[in-house]
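Below are two complexes that have subunit A in common, paired first with subunit B and then with subunit C.
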Partner chain A sequence: MLRKLLKYDMRAIWRIWWLLGLSAMGLSVVGGLALRILNNSGEQAFPAILEVFAGLAVFACIMGFVAFFIGSELLVYYRFYKNLFTDEGYLTFTLPASRAKILASKTLNACLWLVLSVLTLGACLIIMLAISGSLADFPTFLKFFFDGADVFSLLYILLLAVEGIIILLAGSWVSVGLVHFCITIGAVLAKKYKLLAAIGIYYLLNMVLSFVLQAFMILGVFATAGAIEPLFSALSETEIMFFIPLLLALIAVIVTSVALLIHYLILGKLERRLNLA
Partner chain B sequence: MSIPVLQCKNLTKAYHKYGTPVLSGLNVTLPAGKIIGLLGPNGCGKSTLIKLISGILVPDGGSIEICGQPQGEATNALVSYLPERPYFDPRMSVSELIAFFVDFYEDFDSTRAQKMLADMGIDPNAKLRTLSKGTKEKVQLILVMARRAKLYLLDEPIAGVDPAARDYILQTIIGNYDPEATVLITTHLIHDVEPILETFAFMGYGGQILRAGSCDEIRAVEGKSIDELFREVFKCSVNS
Partner chain C sequence: MKKTVFYRVLLLAVSILLAWNAFLLIPSAESPDAPLLDWSITPNGLTLSDGTRTFSRYTLPTDAKWEPILSYYVFDAGDTELHIKGTESYQSARIASPARDSEIIFLQATYIEAGIYVTEDGKTALDHFFETRENGSYRLARGAYYTAPIDTETALSLGQEFSEITETDVTQLALLERFSLVVYDKSGAIQWKLGDLYCFENGAVGYVDYKMLNNSHFDAEGNFSYRSGTAPVILLPSNIADTLRASAEQIEYCEPDYEYEAPATPFINFLPLFWTICIIIGYILPLILLLLGLFLPRSKKRGNPKRWYVIAVLAAIWIVLATALILILL
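Here is the complex of A and B:
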């Protein structure tokens, strides 16, 4: 059932997303050409007015990429809202699927599109840099980077990369979960202006979270002042090499736990408090 | 004794924590193979009861069993629910909706759906947003009735369509339901629906069943139509 739910969720987003993705790719070509003009500006190969336009085009491209990312996110969150908390909920919640599966499908869908949007942006940047000629030295850099590496170093880098990816995925889950949580609370609390309530709750929650995180960071800096450096100097190079993956693993566990907590909070609201009018 | 299609015990529901409950300790048992009219004045809790049975609302107390199973994921596969409002994604076409129903409901009969669409002259390739309100309601009814469900919940199925289409819709309901299944219909248009009803239940405020029985029996014994009886019962309850 989860597979079917996910299929329809992904298909619904794809209907519009492919246009956004294609536009972003188109922009990257324009941006690449503009960057090429700017890269050659010192050689007076192009008239000054063209360079001004090229600068503006690069700026517009970057704004376009931002718009693409925000647009992709809005598409996914709007589907979550519309599918669960408007009249479409009459269909969603009467399907032979538990609310846990429905939420899992929405969360997976949102995370997949978030990752896909980031990958598309990455591809856009590579296209842009490749067209502008800025990637010419990249193969030399890679050769330099990997030539001196032994098997152990490569495995170590691979471990760090895997941990980094896990943290990124769990982080995406947290960010998706937070938005879903705010939409759910908005829909449960407000009868009329559900979206407005969700936006208000999101801003409030972000404010509180950033305040708490900053407070923790400041307290952390004061509490550990003077303790970090001696700790690291007491450790040997090998010990530090073991310490970094351990630290990353700990971060991955914390982020995943936060994501799970948010997920179950949303599910609790959907299972016990959701009443479509 | 056969398992009832629906059994609600002490069902309670209030929309506000400290407000008056819409349903208060309601007990309902529906046998298999009946077309039942759930009739009552506005705000008495008919739609609330249907939404609770379909899983749209969460009860505050009591239990709901469908074919002997507690309301949930498994019972959603046995219940075919028609809400009183449009509930499909307007960007989808009718044929996409049929594919959606085929995917999710094992009991969905797409041949039956295609036949009903052809009978009503609805283009399967039309996007829902291009259809009129009445046609959208017909599409919804077709999809709901094309399932071979155990319990059909029809909330105001003919309210939004023209009188000419009502007869066809009522014929669709009688012609397409399995004799082993039960159809529960709520409506204000009692006169239109009466010919297809076998059993009725009058629901008063607070979700109490004031009167229930066989439609034929009422007509034979009391010499009244269900419409006339409804007016009599609810006139009395307003005055008392």
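Here is the complex of A and C:
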């Protein structure tokens, strides 16, 4: 059932998302050409008005990318809200699927579109830079980076990359979970203006979290900056080689635990507190 | 009724947020026109005050200088704004005092000639030093910062009259290895050059005592001149020469013989804080999760036990990884 739920969730988003994605790709072509004009303005004499338009086009392009990302996110979260907490919720919850599966489908859907949006933005950036001619030296850079690397080093880099990707995926799960959590709490607390309540709760939660995290980060940075040098200078190369992947694994476990906790909190609210009546 | 309550709560939340944002803006509205400084000086530049103490300008003997050994030079008020008394104006200044003596300070300001300011005690100490040279420390110096201490008895013995004095061409002296004999006052910041020592190729050590020279031996800056003419060189007895040579071999870049801890940058040992954070992140947080994961499945209210067991497993992996990292760091 999860597969079916996910299929329909993804299809619903795809219906509008592909237009946004295509627009972003189109914008990247325009932005690349504009950037090319700006890059070559020293060698070729372009009319001043063209350079001004090129600058504006690059700016519009970046704004377009931001709009694409925000638009993608809004699509996903609005579907979550509409499917579960409006009148449509009556229909959704009559489906032969548990609330856990419905939430899993929504969460997977949101994470997938978040990843796809980021990948699309990356592709747009590459297209833009390739057209503008800024990537000419990239193959040389890659050759320099990987030249002389033995199999062991490549495997080590692969391990770090895999851990990094797991952390990023778990991080996107946390960010999706936080938005879902706020929408759920907003819908549970407020009878009307549920979206407004969700936005308020999200703002409040974000503020509290950023305070706590900042305080912790400042303390952590001070402590680490002050203590890391004497601690690390005592480590051998082998110890550092073990330390880095272990640290990344720990971060991955911490982020996954947080994501899972948030997920279970939402599920608890959906299963026991939600009342659409 | 419920709607009203919700509106009120929302309004309260928005008000708190706006108030908090306004609070965050307060620092940017702070007026830059009111520097909270205590340093002030009279318009004629003769009296300086730090708010609690008053310093008077002190005129050094012409052959003495404010030239502290590098490490003694401590800026108490690095770049500061100095208030000109009786006016609304300020000027930028650097105020320095030797770490050993806060009775004597040095002022370098934009429009007031640089100079030394002393409290009553500082004035008494400096007057006494210039009259008797007591409480001073004697050093052999090469260049500005390479020095070696010599004992007072040896230093004072150089000033005694010895029988063998030769008039030597100063251009020849310029070619020899030489050291200055400098006496610093108690603060270590005011130096008084007493003479120069020359090491001859035959092993003899000669001393040119500035007291025996007249104005023609010095340039406009007050430094011994090697341009032309002769100077009286006292050939030192071999025992004193040996002592001085031994001291000269110990000349090194000056290091302070005390530990000065500037109050602005106190040394903090961050290791306890680092380990505290490690313990909190590595053990206390996952332990809470582990306990929740193990005990909440027994509670009927708290839903699906399988979910809590997953949390408990993750917390256990968390603790194991943290332990491995801490073991590597230890």
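The rule we apply is simple: the second predicted complex is superposed on the first by the 271 of 277 C-alpha atoms of A that agree within 3 Å, B and C clash if a C-alpha of one lies under 4 Å from a C-alpha of the other, contacts with A are read in each partner's own complex, and residues count from 1 in each chain.
Keep this in mind: a residue touches a chain if its C-beta (ideal position, glycine included) is under 8 Å from a C-beta of that chain, and two chains touch if they have at least 3 such contacts.
For clarity, every value in this text was computed on a predicted model and none was experimentally measured.
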_A:Ser98 in the overlay: touching subunit B, subunit C, both, or neither? Say first, second, both or neither._
first
*When the two structures are overlaid on chain A, which partner does A:Tyr203 contact: first (subunit B), second (subunit C), both, or neither?*
second
*Go through the superposed model and pick first if A:Ala249 touches only subunit B, second if only subunit C, both, or neither.*
second
*Pick one for A:Val151: touches subunit B only (first), subunit C only (second), both, or neither.*
neither
*Residue contacts on subunit A - larger count, subunit B or subunit C*: C
*Applying the touch criterion given at the start, work out whether A:Glu271 contacts subunit B, subunit C, both or neither, answering first, second, both or neither.*
both
*In the superposed arrangement, which partner chain does A:Tyr90 touch: subunit B (first), subunit C (second), both, or neither?*
first
*Check the residue A:Tyr8 against both partner chains and state whether it touches subunit B (first), subunit C (second), both, or neither.*
first
*asked:* So subunit A touches subunit B in one structure and subunit C in the other; where do those two contact lists coincide?
replied: 271-272
_Residues of subunit A defined as touching subunit C within the complex_ = 189-193, 196-197, 200, 203-204, 207, 219-220, 222-228, 230-231, 235, 239, 242-243, 246-247, 249-250, 253-254, 256-257, 260-261, 264, 267-268, 271-272
_Residues on subunit A engaged by subunit B in the complex (per definition of touch)_ = 4, 7-8, 12, 15, 82, 87-91, 93-98, 101, 271-276
*Which of the residues in subunit B end up touching subunit A in this complex?*
15, 51, 54-58, 72-74, 76-77, 79, 81, 83, 85-89, 91, 100, 103-105
_Residue ranges of subunit C in contact with subunit A within the complex_ = 2-3, 6, 10, 13-14, 17, 20, 268-271, 273-277, 281, 286, 289, 303, 307, 310-311, 314-315, 317-318, 321-322, 324-325, 328-329
